[in-house]
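In the two complexes below, subunit A is the common chain; its partner is subunit B in one and subunit C in the other.
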Partner chain A sequence: MTAHTKGSGGDGMKWVGRSIRRLEDPALVRGKGRFTADLPAAHWVRFVRSPNAAGTIKGITAPDDAMVITAADIKGVKKITPMLHKFSYRPVGQPILADGEVRFVGEAIAAVVAASEEEAEDIADLVEIEIEDALPLVDSRAAVADGARQIHAEAPGNVILKGEVKTPGFDEVWAGAAKIVKIDARSNRQNATPMEARAAHAAYDSITGRITLHCTTQMPHLMRTAIADCLGMPESDLRVVAPDVGGGFGQKMSLCAEYVLVTWLARHLKSSVGWTEDRRENLIASFHSRDQYIALEGAFDKDAKLLALRADVLSNVGAYSCFPTTSGVEPLMAMAEMPGPYDVQQYQCVARGALTNTCTMAAYRGVSRPVITFTLERLMDKAAKAFAIDCIDIRRRNLITTFPYKSATGLEYDEASYRQTMEMAVEAINVPAFRARQQLAREKGEYLGIGFATFSERTGYGSPAFAARGMAITPGWETVHVTVDPSGFVEARIGSSPHGQGLRTTLAQIIADEIGVPPGMIKVVHGDTDTAPYGWGTFASRSLVISGGATLIASRKIRAKLLKIAGHMLEAAETDIVLADGKAKVAGTDREVSIAAMAREAYTQTHRFKGEIEPGLSESGTYDPPGTFSNACHVAIVRLDPETGHVRIERYLVAEDAGRIINPMIADGQVHGGVVQGIGNALLEEIVYDDSGAILTANLADYMPPTAHEVPPIELHHMETPSTQSITKAKGLGEGGTIGPPAAIVNAINDALTPFNVEIDTIPATPQRIRALLRNAERAP
Partner chain B sequence: MKPAPFVRHVPRSLDEALKILADVAGDDGRILAGGQSLVPIMAFRLAKPAHLVDINEVEGLDKIADDGKALTIGARVRHAAFHKPVTGNPLGALLAYVARHIAHYPIRMRGTFCGSLAHADPSSEWCLTAATLDAVMVAKSINGTREIKAAEFFDGIMSTHLKEDELLAEVRLPLLPADARFGFYEFSRRAGDFAMSASLVTYRLDGGKIVDARVGLGGAEASPRRIPEAEAELNGKAAGDAAFRAAGEAASRAIEPLVDHQTDADYRRDLVRVVVRRALEHSLT
Partner chain C sequence: MSEKTALTLTINGKDHAISVEPRRTLADAIREDCGQTGTHIGCEHGVCGACTVIVDDAPVRSCLMFAVQAEGKKIRTVEGLADGDTLHPMQQAFMDNHGLQCGFCTPGFLMLAVGVLEREPDISDEDLIDVLSSNLCRCTGYQNIIKSVRAAAQEMRK
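Up next is the complex of A and B:
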């Protein structure tokens, strides 16, 4: 099934749509990947972190001969202060090292610099920090309660932002509803847990005075802009390189204070400085996500048609606001996208971000969507129960089927297949056979359940979508430079910054089809601000759509120019020329010229073009699309052990539509990985704070990502509804896998729990939580 | 996550090991066996031993011997040694079944039986085995040899009555009667994780009735131990659902539950009820 990358076989077959092997893998699978932590450095940093969640720093005592940097040493360095111009946003600043006050356990207070990581850690052990405790606020509800201690002077009531929407006519429709169904959903806190934790390495060049910062990031250009801003240095004096990056999942799309400090140190010491985060630091002090309470009500007519939704979103954003998205990233996405794949035109929502004495929140794969999909899909199942109809039936009555569709929050949905993918999943899982098996099992005292999740995923959105949030930094577009060099090999320099997604391969497939050379001759270059065009990096299921679109635009320009050159060299009309297999041919003749020969001509024989063709063979394309919606239906079948509360997933099925698929193998890999993270979200992974603000899950024995044992085989079914909002017709799919599992799995658990008359609306649905519900039911008279 | 500085000693003989241990014990010296518990703790700097006495090269500590009365397990015997039965006595099958539940394969290749006992994690399968079967620990130091009964060995979470300068040189597990039955069950959220409760049971049937019942419980209290209340529900009863349920209930009531963020007291009691009953059910398969 997997094709090679060397030649197309000369049969005019397209590269797009084929499962060619990933061009990035030969290095990675041989252990030849190059990661930030592999670089040697003259100095190493160890951060001394706050053991207290809240308080005032009274003293820092360091050993006499040690180099220990504190806030007092970096007075000129600006705080990280992201900004939103809407939603009553209160800008709060994060000092690079805690300055006078600490606001969460793990906040960096001092940086120890030594000749090795080991020595730095030894010295860090000897640094004494004296803190006068303040009352920590850990839970978001406590933080926004009346009279709560204020964590930042700038944010009264600890509310950093508040978004509100209400459609005209809402009250009237609400009042006329036949039934109101309600859910109080709780999503506990997660850590994205990339395999490679954070790392930075900054080196000073004594000749140019420039700094090269290698770091594990999803957005190298924005790191350059932000760090140069913090340090007040010319941006051109800073080169940021993202070498191989061992997973990001959103955790690496925010600016970390640590990277600013490492860069400052390299300038200060005029030397090289490295920092490699350990797993404990990553779990307590990188970024967290998904800590939300959502109260959602649905108003239905007598036929179980959803008329209106009312939501109250409270997102725990932690101690500071993440840059560049700000802590609006979760609550505002929840507000904008809550209605999901359902036809509902009346909507009211209040979404707040609560500052607390916990690690700062940032985006994590899917951002709010796993939580809102969980909430909405639980609501639909509850509504089905309330109307005594089937959970599939209620979705049939409510899924959007006509396009384009304008949502209650003003989003324009392009054509998708909400209904079709669900029917595909329903058919593939064979619901009647399952129901029969479930019945038999119950008679034996065994409890099986089935759960569905349908959702839409907003992907590939450009600057207008981000501008709607009022962000001071508004990402969106991407630029790609495609060059055919004089030897006929192709290089594409891109502003996206893939870190495992296989973009080097998929973009090469797009280029290959346009200009007629095989992917093996195409190099996609990214991640180095000195060589890549300014771009926004890789996040938000955007790179294939946006960078892919820019690649297509640039490639088409190259193609047009190649046709001109070929016309010139072969003395034929451009319209008669076919580009394929590394050659231009005049259709129906044996006249041909290789692309290498044309490339050579384009640089070295330009006098022959008589001024009609510009010299060189290099073009650029920029793309800034409105956004396109992928969709999927996930189905889980689970086995519940009511005595222990344990849940085993027996079967997991995904029917997915991400528009045109460039490389099916890579697409499947994205869905698989996403589903695994979603399983963690549904059942296992939870960052737990105690009341003092200390983290009880600071290692991978206590914080539990799923292992291979907990992951069932994942069955994939695809549909392709080509996007009208994306010039490659592709939709994004990087996050989709993660979005469905909490809803599908917890719906399945609730289906299994039906005979016990209890419901769980909390993720992760841990055995302890499930047992508590069952125990209460057993005890009830 | 880099350990604090330490000096590593690599003795070749038991005498040499005991001598070094006597020298460094007072100066924060620790034995290093498989390193599967000690090294992570050092990486977290929860332990900062100044000296490590690495016993991996000490001759004679790698023996497993069955003398017809007991199975003797030396300090260098790894978990993986038990993957296949080490004796034809039912004890061999018991150990093989239990061993599979310890961590993951790579950890079983390094971690040692005696190291598990010395480390005394409340959830350790070997600690549970030692407590259930009334093992005898053989501790050695330059001052001589001391035998400690399992019931007097464990001293709460990750703590034992071994002295600083003592090496747990071997453990003696009494062989089981030829007609002994055993059952084991443990619960954890992910495969290979430490058990949130585990139970090991052995008994014989005499005229269809249970005799010599041993019900061991691990991961539920600060130290693993036998639960006499559960054993009382079994002795003299027919091996079956009624007695098994009663034993589970009795154990669930008898414990002083350990509590952590994923297991409150009620949930621990729920788990104990289940693991004891399921271990007993397993004994019938």
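Up next is the complex of A and C:
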């Protein structure tokens, strides 16, 4: 376990690198957080959702006197139609309310508006929807099969996009390989399941005519842009506020049709309108992810060195394309990052997105990387078996060790520690001791297994990375405004929109070191489009790197200005001045002035600095970095009960390198949380559709996020390879924890299954699936 | 919609005279009729525990109890944990040990842990994890929640 120092600062100590307590917490532990559903409203909405996966709406009958909005009432509202200018992308539009056709169970058909949620629910129960069924396409393979019914007129063959890459020289290298190893991997569908489901509250201001939309989102500014586009209203008439947001994990990145409608209703009614999603709606109708088939082959030379990879990715993107990333988010991420941390220069991949009659796919923490890491790491274990070498040995032969490294897909990996973190993990877990214990256990009829996952995590990437995907909307940069007010207190307004990541604290630590003010005097303000600069929100392990970088840039400007003012006030050379503990001091003397006094001068005594310093003490920074790669090695030790198929994780270890760590306590918390979501991915969580397209896992008893019971103590080890691609030297680590567990745990399960001569390449590796494999093996002659 | 019933809920020692339908859950009544929005609703089917409050010294899921059932009982919510500016040891421990991230599940975990430790101050580590597995958290991976509750248990025994 890592040990971190706690302290209250002072004595010119640096704030970055310390586990200070979070500035977010005092309100939250008192129950004083402000979440969207806490707001009162004059009107409440209940959506009537499609019980059918596919079909044509023949009639909607509502009770008399009830306010029931359908597609016919919102004719002028534009469909949500995200766009990619590459990969043969077919732009399909999602109507805000189903218009003529339904395409998945849970699609909103009508909105009931009433004075209370209960009343709206009662009326919704009385709305009758008549649908003429069409044959639903649930599985992506069925959807892209020849002759399958077309779900959208714009997308022939139900393929919304197709990406292809092939490196020159691939065929030759492939033909010369000593061994080809293959895996058919299956990742079933998951739901990010933030503890706060979606919610929106829109209020009309009768004086200004503006709407304030509070909603639980990761991207308030883009919500403003997108909703104003859909409604054809000036963006300046819409204020979007992400108040406290109860987890997002990617699910709250995308634009929800429901938020557009709630905003439309507030304008239409000139009043306040609230909508709080229930858990069932969240599980069936928010956004899903991870539903992929990946066939991956690796060509190795005689020494088990990987020469080439060939992949076929089929991603089930559901009924519509998510805004802003589009349904390219999973298949294109899989295609770009499949080679992972291994030195392999030949690569061929076809990645398709298949439209189906299921809930729309969107980003979920890690995006495709939990699945591609699972696939690639299973492939490496299979290859080790094929070459009869150790699973650690094959990784030693193939991990990248020299940097910068240009991947087969053209990504540039900055300095990292793929090999070192693995060796750190190997040593910490004590493999020889485990193997001895495993042998003894087997002799007693007990089955233990060990599994490794090594991976890289692309983080903190700016606009060029998104532009490379051909996105009509290319996020990337961030702007931060830092102001020292005349009382000496500091406010940083940021375009990122944290929701649990502790950015108010970590950014305050960065500012504190630059301008010498303790974090307690620094307020980081975010989430309100009226006060925060335009920005892209919080997703893709980007905020600490990009907003952190912008914060550093703005803070350095403030620092430069403070040094000038201090030089004047203390009659000293700027180079002799130290900013720390809320003061400017002349080094080696007792001359000092408080930053508060300097701030006051900066506003009220500007004549003294005329021509030298601009009035005020407010600066901006914008940062748009190329991106950096974090890396980690995860190790799981599992105990498998062959009678029941149950898997218990006995030990879980992470050796992680995310560059410079700003707050180790917060960094560890991100890894913990990610790993546990990954454990859910590996063993427990699955959205199950039946053949008719109905969801069988529509509550939290059937869809099972891990509880404290399923989770072992997680052992963390850190390395810090400072990033050359990030001015704070920090790399992102929001998603890394989530990426490793399916690979490490399922490799461990397969290790435990070795005596039975069966292998599982499907996640989640549920007891049912493991038992089915064992049953078949028992039955085999 | 059915007839409303007048009742009084006693939350954190304060009486709230409200009028609700018999079907109204305690969670909704606490939040909407009594304005105590610190109690959160995560699933409304009794699995996630975000809405946990203490009713007559026992932690309960307020989404599974009707408001009318809570009349005459002592209800404690997260807003009642701190004594003015002094946080309850459990709140302090969650802050000290990074036992929360987004903070949505936190009030439920606080009330669950306080309720259990008041009843069973010397609870074993194993039983504690059993109890904490009643509630869901999606951010912390439970590591620091367990650590926080253990730290608070020590403090509460003093």
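Convention: the second predicted complex is superposed on the first by the 771 of 781 C-alpha atoms of A that agree within 3 Å, B and C clash if a C-alpha of one lies under 4 Å from a C-alpha of the other, contacts with A are read in each partner's own complex, and residues count from 1 in each chain.
In this section, a residue touches a chain if its C-beta (ideal position, glycine included) is under 8 Å from a C-beta of that chain, and two chains touch if they have at least 3 such contacts.
Predicted model only: the values in this text are computed from it and were never measured.
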Given the touch rule stated above, what does A:684 touch, subunit B (first), subunit C (second), both, or neither? first
For A:709 in the superposed arrangement: first (subunit B), second (subunit C), both or neither? both
Quick check on the superposed pair: does A:772 touch subunit B, subunit C, both, or neither? Answer first, second, both or neither. first
Is A:643 in contact with subunit B, with subunit C, with both, or with neither (first, second, both, neither)? first
Is A:467 contacted by the first partner subunit B, the second partner subunit C, both or neither? neither
Subunit A: partner with more touched residues, subunit B or subunit C: C
Touching partner for A:278 - first (subunit B), second (subunit C), both, neither: both
Once chain A of both complexes is superposed, is A:118 in touch with subunit B (first), subunit C (second), both, or neither? both
Which of the two partners, first being subunit B and second being subunit C, lies in contact with A:701: first, second, both, or neither? both
So in the superposed three-chain picture, is A:560 touching just subunit B, just subunit C, both, or none of them (first/second/both/neither)? neither
Check: subunit A residues flagged as touching subunit B and also subunit C 118, 122, 278-279, 699, 701, 706-707, 709
The subunit B residues in contact with subunit A across the complex are 1-2, 4-5, 44-45, 187, 189-194, 260-264, 266-267, 270-271, 273-274
Hey, which residues of subunit A end up touching subunit C in the complex? 6, 21-22, 24-26, 28-33, 35, 37-38, 40, 118-119, 122, 193-197, 244-247, 249, 276, 278-279, 499-502, 665-666, 668-669, 672-677, 699-701, 705-709, 711, 713-714, 737
Subunit A - residues contacting subunit B, complex: 117-118, 121-122, 125, 278-280, 643-646, 684, 688, 690, 696-697, 699, 701-702, 704, 706-707, 709-710, 766-768, 771-772, 775
Which residues of subunit C touch subunit A in the complex? 1, 21, 23-24, 31-32, 36-45, 47-48, 50, 77-79, 81-82, 87, 91, 94-96, 98, 100-107, 110, 129-130, 132-146
